[in-house]
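Labels run A, B, C, D and E following the written order; every chain starts at residue 1.
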Amino acid sequence: MIPLSHFMIISAALFCIGLFAVLTKRNAIQILIGIEFMINAAILNFVAAGRFDRVAGGGQMFALFAIVLAAAGVAVALAIILNVYKHFRTINPDKIDTLKN
Amino acid sequence: MNHLLSFLVFLPLVAALVIILLPSGFRDRFKHIALGTSLIQFFVSVFIYLNFNNSAAFAGVNKESQFQFVEKMAWIRLDLGSIGKLEIDYLLGIDGFSMPFLVLSSLIMFVATLASWEIKANLKAFFALLLLLNTAVMGVFCALDFFLFYIFYELMLLPLYFLIGMWGGVRREYAAMKFFLYTLFGSVFMLLVIIGLYFSVLNPATGNHTFNMILMMDPGSYLGSSVFSSVAPQSLLGISARLLGFIVLFVAFAIKVPIVPLHTWLPDAHVEAPTPVSIILAGLLLKVGGYGILRICYSIFPDAAIQSAWWIGLIGVVSILYGALNALAQSDLKRLIAYSSVSHMGFVLLGIASGTAEGVSGAVLQMISHGGLSAMLFFLVGMLYNRVHDREIANFRGLALVMPQYTAFVVIAFFASLGLPGFSAFMAEAFSLIGAFTSQEVNGLLPRWMAICGSVGILLSAAYFLWTLQRMYFGQTRLKGGDKWLQQLKDVNTNEKFALVPLAILAVLLGIFPSLVFSKMNASVLAFIQLISG
Amino acid sequence: MSAEQLAFYFFASLTLISALLVVCMQNLVRSIFLFFVTIFSLAAMFVFALADFIAVTEVVVYVGGVLVLMLFAFMLSNKELLSGLQNIAGGFKFTHLAGLLICGGMLFLLVSAISAADVVNLSWIKNGQAISENDNTIHQIGIHTMTRYLLPFEVVSVFLMMALIGAAHLSRRERRS
Amino acid sequence: MMKDFIPYISISLNETINSLSFFYPEFALGLGFLLVILSDLFFAKKFPQLPAFVALLSTLFAGVLSFNMLKQSPVQLFGGMIVQDHLSTLFKLIFCFISILFVLFVRYHKDLQSSNKGTGDLFSILMAVQLGLNLMVMSENLLMVYLSLEMVSVGSYLMVGYLSNSPKQSEAAMKYALFGAVCSAFMLYGMSLIYSFSGSLDLFSAQFVSFLSTTPFFSWGPALIMMLIGVAFKLSLVPFHFWAPDVYQGAPTPVTAFLSTAPKIAGFGILIRLLAPFQPLSLSGIDNSMFSLTGVLAVTAIASMIVGNFGAIWQNNVKRMLAYSSIGHTGFMLMGLFIFSVSGFKAIVFYMVIYSIMNMAAFMIVDEVEEKTGKQDIDEYKGLGKSFSLLMIAMVVVLVSLTGLPPTAGFTAKFLIFSAAIEAYNSSGSGLIMTLIIVGALSTVVSLFYYFRIPLNAFLRKSDDPIIAFKNSPKSYISMFLVFLLLFFIIFPSAILGHL
Amino acid sequence: MDFLTFSANTLCLLSLIALVFPFSSFLVILQLKKSQGATISIFNISVSLIASLLVFINVWNSTTLQQQVEWFQVGTVSISAGILLNNLSVLMMVLVSAISLLVHIYSISYMKGDENIYKYWAYLGLFCFSMMGLVISDSLLLIYMFWELVGMSSYLLIGFWFTKDAASQAAKKAFIMNRIGDLGFLTGLMIIYSQFGTFDIGRLFNVGGLVDSASIINGFWISESASVPVIWLTIAGLAFFIGAMTKSAQFPLHTWLPDAMQGPTSVSSLIHAATMVAAGVFLLGRVYPLFDSIALNTITVVGVFTAFMAATIALTQNDIKRILAYSTISQLGFMIAAMGIGAYGESIFHLATHAFFKCLLFLAAGSVIHQLHHYKEHHSLEFNHQDIRLMGGLRKQMPIAFITMCIAAAALAGLPFTSGFLSKDAILITSFEWAEGYHGFKKLVPFVLVLTSWLTVFYIGRLIFKVFFGKSNYKGVKDAPWPMTRILLILAFFSLFPLFSVNPLSYDNSWLLQGFVPAGVKPFDIFHLLVPIIVTGISAIIVLISYKLYGGTATKQLPENGLLYRFSNRAWYLDRVYDLLFVRSITALSIISHKFDTLIVDGLVNSLAGLARIISDIIHWFDRHVVDGLVNGIASLASKTGDFARQFQTGKLQHYLITMLTLVVTFFIITYLI
């Protein structure tokens, strides 16, 4: 049996990789991928801990819902990104800065 | 009869609503509505004055049962669980301290309304705001519930901001904002102290926390563990909490008074404000500060007040001298008068700080007197400005030949202001100083030199007023605007006389019969002295 | 080291390496496909946590839904990607350094938090009722969905409906002239 | 195996059935959601305003149903997923109020009305968001928290980007969505950590708080903070506020008005729920001395007030200025949280009611001006006092109220918050809270500075533009009604306070 | 004379009538404007005079009356207002109303044709009212009030020709310098009030009154209610004295008085010679019991010095009114010095006699000025009609003026058969008697006074001779019209001895002095014989000398030239000695003291004013820049803060995220590390 802490450390690493993508990538879709990594890191935690929560089933149920929500979120985000592309002809978030002080 | 004070307070509000609702076709009637309102108020306040019981049994100050014309209604009751029940009353009432201000307010409002004949633009807004201001001022002098007081107190700011800002001079934006920020700065922190007091005080009758000012003056109603407890004083940031509360409240009111160095809003505001607003500012708003110090700072925190009396006295003296010296250096007539207000209000502080019956009586009389006189002075400046749109002292010379009656009023106002006996300012300043002088003997609060230094202010006031008189009004006529100005400089008209004469009469009456004020408030003064000397 | 562990660490490293590659890859198409690999290896790790249903869902939803969406999006906006991406990629920027520092700090933080917690010895893990390898997780999930998690389940339906309407609205050209 | 679960099934089903009667408002909203979709699909051509009407009606209906529950004693629903109590009902009523105003706002908003995609979708999104808001304030379970928060967030993204033909809105929506997604990912990860540490999702179970005592502070501290980041994002607290100015400026004005009120208020609701389990602990001293929850909140509140108020000084775009000011207001409201008792919540709720009235009114007026004249910058408001005298007077009252001065209800609200904070200081004597109070007071003074730039321009400055008398639209009448409420509630605050 | 005996109430009523009538003329005339000003005010002042006389008859030497009502109450203290009638006040009442009436009548002609004449009448009314009030008030507070009102009316009258810059400046100067004294008075009031809790003169200063019964124990001044260090007693005395100093123009606060001559001459005679300036002496008389030895010594020194200094200055003045003004100062110095040496009665006596003859001097000089002015206007000439160097020979053209002025001058010089002789002798003799008991500088006092009186003789002789002797330049100048000259005659009579004493050579028999100093109390000593003889003898010589110097023909030339001429012509040894010993050195001394006066004292005052200006400018600058700057600085700090916060709002999503996460991670790291 794999100890819970190993799952968690891997998930932490994944979370940070995702975060790095979010912070550095010059492409909205890649940022979105980074966010998905972060969410999946959390899901991994839930699933791993959920193993010890048989009665309430919280971890697995949460993971399930999280996957669904993430997917829906991606759909909405992509729709927005496409809209942005339509107007700005770019999806580099660095270049989309008409709203600022 | 039972709702006389409410009537006094809310009549202008009703009038303001009427003005707002009337179509613009009636724009020439607005001023008459406002004037009528202030006249009615004046008669009502005189009625109150005449029916005011000045016996010791009605001294007021810290005994609710001794207040007169009291109106009390439960207003806000909110169960806040652990904080307790919020108890805010609609509580109006007057004693010897507030009653004279009611009469003064209605008189000044009357004069200010007359002075607003000059306003030509946007009459509806102007008179509505003026009446709103009227309500606020009246409310401040009547309110005995701290929450209610604060609402009226803050309500004064808004109309003033617009009155200065919309009808003011060239730098009106700056002046209006400066005025607003200064006073708001003080009052926001005042709010914190109010809340702190609220948590410290219990109404023994109901067991709730309360905003009743009078209960706040009673050491017995404080909770032992509370911040402002007078039983077991707490300390806050290293200073005794009661002292800190006193200082905060004092600063809030002192900004209004104003004291040096919190006074710089005043010259700007006065200079930029249109005449009626200057009149109200100097005549009433500054008095709100002094009234607040008496009614609130001193009455609620007598211990801290005694503790800091020396400093307050010093501030008073510094204000007197500093304001006077500044006035001496002004080249703009209105600015000069504005600075003279700083100087004159210094006497109020000095008198109050003395903690003697003479000093306090003198201070209140000084407020009343300065209320009338500064209104008169600003009215006179306004007349000049109206005619030629200039106020530089150097641009005028020998006005006495051009406008003899006007000059006569100026002479009266100047001499009254510089404390010539026979006018109210003399009695007031003399008793403030006498109070300050006797203080060392009676209660040891102020050293004698303060009174003596303060009296130098009288000398300086003579210097700047007479110098102005000599430069502007005497000598051969020589005007910057030449013949054009000569045409424009018409002497006093009937309307203006209506405004000036009552003020002059007030100054003389109070100067010869100070008992008109003293007798009404004597009981209150004694009760007040009793309160602060423990 | 048992086979189970070996397999686990294999998938774990696969996950992390592929994720890293996704992040570092300049080419978007490649990184999207590497994302596919990461998801798969993640799903495999779910299985090690005895969550087979979740693993399947993950693969289905991500590969079937998310990935396809992303590819669509990529293709709809590829003109810019093909021309502009190369220029952006070059060089080490301030954001990279900042990102690296932040992520490093975060990693340090999380790892030390997790190790400090000593999760393996937590009382609820020791005393709690763990899912055994014989359990039918699909049954369990079904029961949970219909009882305890009925409300979230229903709410998610509304949520998805809303997301659907919204996304459709955004991508739709126009309805009325 | 299965047998383990059988007893639960019947209990759980019973609970579910019992819960239904307390869930009417949400049912009404769900029904409204469906009806709006249907009406949009089938009747939009003939009756373009039907979706709005349906949305209005169902919101009203939900409001009435919620109102009936005001006296209800607290009850847990759906097996502890959500709780129905007095506080949540109050929040729900506020949401209904805001939603009704929002529907009316949209109904009279030119851009949205003339959108060639219609407004039907917006109303259906609104209904779902409103459901999400209701659930947010009722949630007692991390899953519900996350779910409802995501629902509101996603709905908000959609609303911001609703007018897809405008580049500004797309940009705003993208920033909002990506920023929000990152924050919610943080939140999710924090939840996963907490779940790993505690083994429970149920905020009120004894097991949930146990992780505080079983794990060291180094572990739970970051986990908790990460979880709160999601809420802080919704509340636009510093330093999670960066999206707010950009999004508020870019979004359609009704949406901005909505975003600056409802989700924020719901954020407070959820914050109260999330912090509730930790409250007894922080009092009993388990709180680490360096890392106290109150300390973190106080610092955040102070930072929010400073950044919000000082940032607003330099803004020239009205909406942007209001965005910054709303950051400041959030920081201020956070002050009321410190006492963390029913009384403190009452103060916050009152503040929120007033805040939503003020904000809605402010944005309506700003929008009215923008529609009529195209002016968005404060500097351009020069001389508007003449053209829009009534509207600008209303604006002044609103701004006075936002500053927190009498005679407007904004003062009473501010007053109550200060009361709560001073009470908290009274009981704790914490210097941090005193600092907070002083910063709060100072920020009031600062706020005057920027709020009053509007009347300054509108009334004190003259413009060269010709004075045009504009006809007041229904929107301005609504805003004037709101202004009336602001004046009404200072005289009769009991009209609200009585129900708290 | 029973029908002239009144009850106490009636007397008070009468004195109120005397008080109120002039005031009513002030009010009425201002309302009526141009018409009937003279009639009304003369009627009113006559009523006032009659009332005063009636009161005088009843009160003088027979009773002391005090009646009061409660005025107002402050705290527990009741402040009363009332009337105090004793010898001093009734004498002053008569003096003031009588001289006022005369000046009023004189003014009818003198001020004829002035377009603002009604104001003149009104202001005179106000002055009489204030002066009356000052003398009959029974409360120090009331006295103070009237005291300032007197100053105010003086201000109005000095500045009556306000279009003249010099006049309005002189008015301002007078008022402001008087204010300095008022501050002293006020300080005295405060000390009295805090010590005794009342302003009532009766209760304070009566025999056995509060001041009397206050004791000095161990360096503390102890009254019924308070106890303060004894220094406050001295300060109180000095404070009142400062008040008196300004009103009575004592060194160094006297410079306003010469300037005040810018007003109409009738005003100068009434206010700045006869009445108002005597108010200081009157005040000293009122609060006399308060002075301790330090205060009295100060008073003496100041009085003596002023008397001497002013006399030396008067020697070289050429403006006729200025000479008289300095002479007034000098005479006031006499009175003050007399007060200081305890010659209370003598001082008042001199006050009364001085009032008449100085008034006469002014009015006579006024008639000269008036006539010359008319002459100047008539012939459209341009010259200074007040410069005595340009006058001369008027003796024949204006005989009445000449005679009356001579009488007045004789009185001033203290020549026998005049009232001045009596009062001046009284002071001189008393001072010698007083100096008997002392050593040191006090011995000098009588001698300086004597010297001063000789100087007086010289300068007044010079004036008379220059103006009336020699050759006339102005053909056709006549005596002033009858209404003016008859006043001169009346006053001339009053300046002679009969009004004051039956015996023209001894003041001891003077009824007036006996009203203050009980007769026969003082023993007759050698001074009573020696002093009059020596002083008068030398005075006579001085008169001759001055006649020699100035009574000649070369009046148009400057004095130096005239001296040289005579020196070379006659070459009198005595002339030369006089010239060297007295004229030159005294001229030099007078120039020096005048320089001191104008440069140092006035200069000090001016530079003080300048300093005040500079300070006020600095303060104003401070106000603008530092106080305001602080406020603006705070404002700019606020906006800087806002600017700083704003910088992070770049519009770039990832910048936002980086900032946000940097803060979060930093926060975590910090909490970890600590």
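What we mean here is this: a residue touches a chain if its C-beta (ideal position, glycine included) is under 8 Å from a C-beta of that chain, and two chains touch if they have at least 3 such contacts.
From a predicted model like this one, the values you see are computed outputs, not experimental measurements.
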| item | value |
| --- | --- |
| Chains in simultaneous contact with subunit A and subunit E | C, D |
| Other chains in touch with both subunit A and subunit D | C, E |
| Chain at maximum distance from subunit E, centres defined as averaged CA atoms | C |
| Result of counting contacting C-beta pairs for A-C and B-E, higher pair | A-C |
| Centre distance in Å when subunit C and subunit D are each reduced to the mean of their C-alpha atoms | 30 |
| Whole-Å gap between the CA centroids of subunit B and subunit D | 43 |
| Euclidean distance of C-alpha centroids - subunit D vs subunit E, Å | 80 |
| Euclidean distance of C-alpha centroids - subunit B vs subunit C, Å | 70 |
| Junction residues of subunit B - those touching two or more other chains | 181 |
| Of all residues in subunit A, the ones touching two or more other chains | 4, 8, 15, 18-19, 22-24, 32, 43-44, 48-49, 52-56, 59, 61, 65, 69, 72-73, 76, 79-81, 83, 93, 96, 98-101 |
| Junction residues of subunit C, two or more chains touched | 95, 98-99, 102, 106, 109-110, 112, 114, 118-119, 124-125, 128, 135, 140, 148-149, 152, 156, 159, 163, 166-167, 170 |
| Pairwise chain contacts, counting only pairs that touch as defined | A-C, A-D, A-E, B-D, B-E, C-D, C-E, D-E |
| Residue numbers on subunit A that touch subunit C, as the complex places them | 1-10, 12-21, 23-27, 29-30, 32-34, 36-37, 40, 43-44, 47-57, 59-61, 63-65, 67-76, 78-83, 85, 89-92 |
| Subunit E to subunit C touching residues, read off their complex | 654-655, 658, 661-662, 665, 668-669, 672 |
| Subunit A partner contacts - residues on subunit C that touch it in the complex | 4-5, 8, 12, 15-16, 19-20, 22-23, 28, 31-32, 35, 38-39, 42, 45-46, 48-51, 53-54, 57-58, 61-62, 65-66, 69-70, 72-74, 76-77, 80-81, 84-85, 88-89, 93, 95-96, 98-100, 102-104, 106-107, 110-111, 114-115, 118-120, 124-125, 128-131, 135, 137, 140-141, 144-145, 148-149, 152, 156, 159-160, 163-164, 166-167, 170-171 |
| Parts of subunit B lying in touch with subunit E, wherever the complex brings them together | 178, 181-182, 261, 263-264, 322, 325-330, 356-358, 361-362, 398, 400-401, 415, 420-422, 426, 430-431, 433-434, 437-438, 440-442, 451-452, 455-456, 458-460, 462-463, 466-467, 469-470, 473-476, 513-515, 518-519, 522, 525-526, 529 |
| Interfacial residue positions of subunit D with respect to subunit A in the complex | 4, 8, 142-143, 146-147, 150, 154, 157-158, 161, 164, 166-168, 170-175, 177-178, 181-182, 184-186, 188-189, 191-193, 195-196, 199-202, 245-247, 249-250, 314-315, 320 |
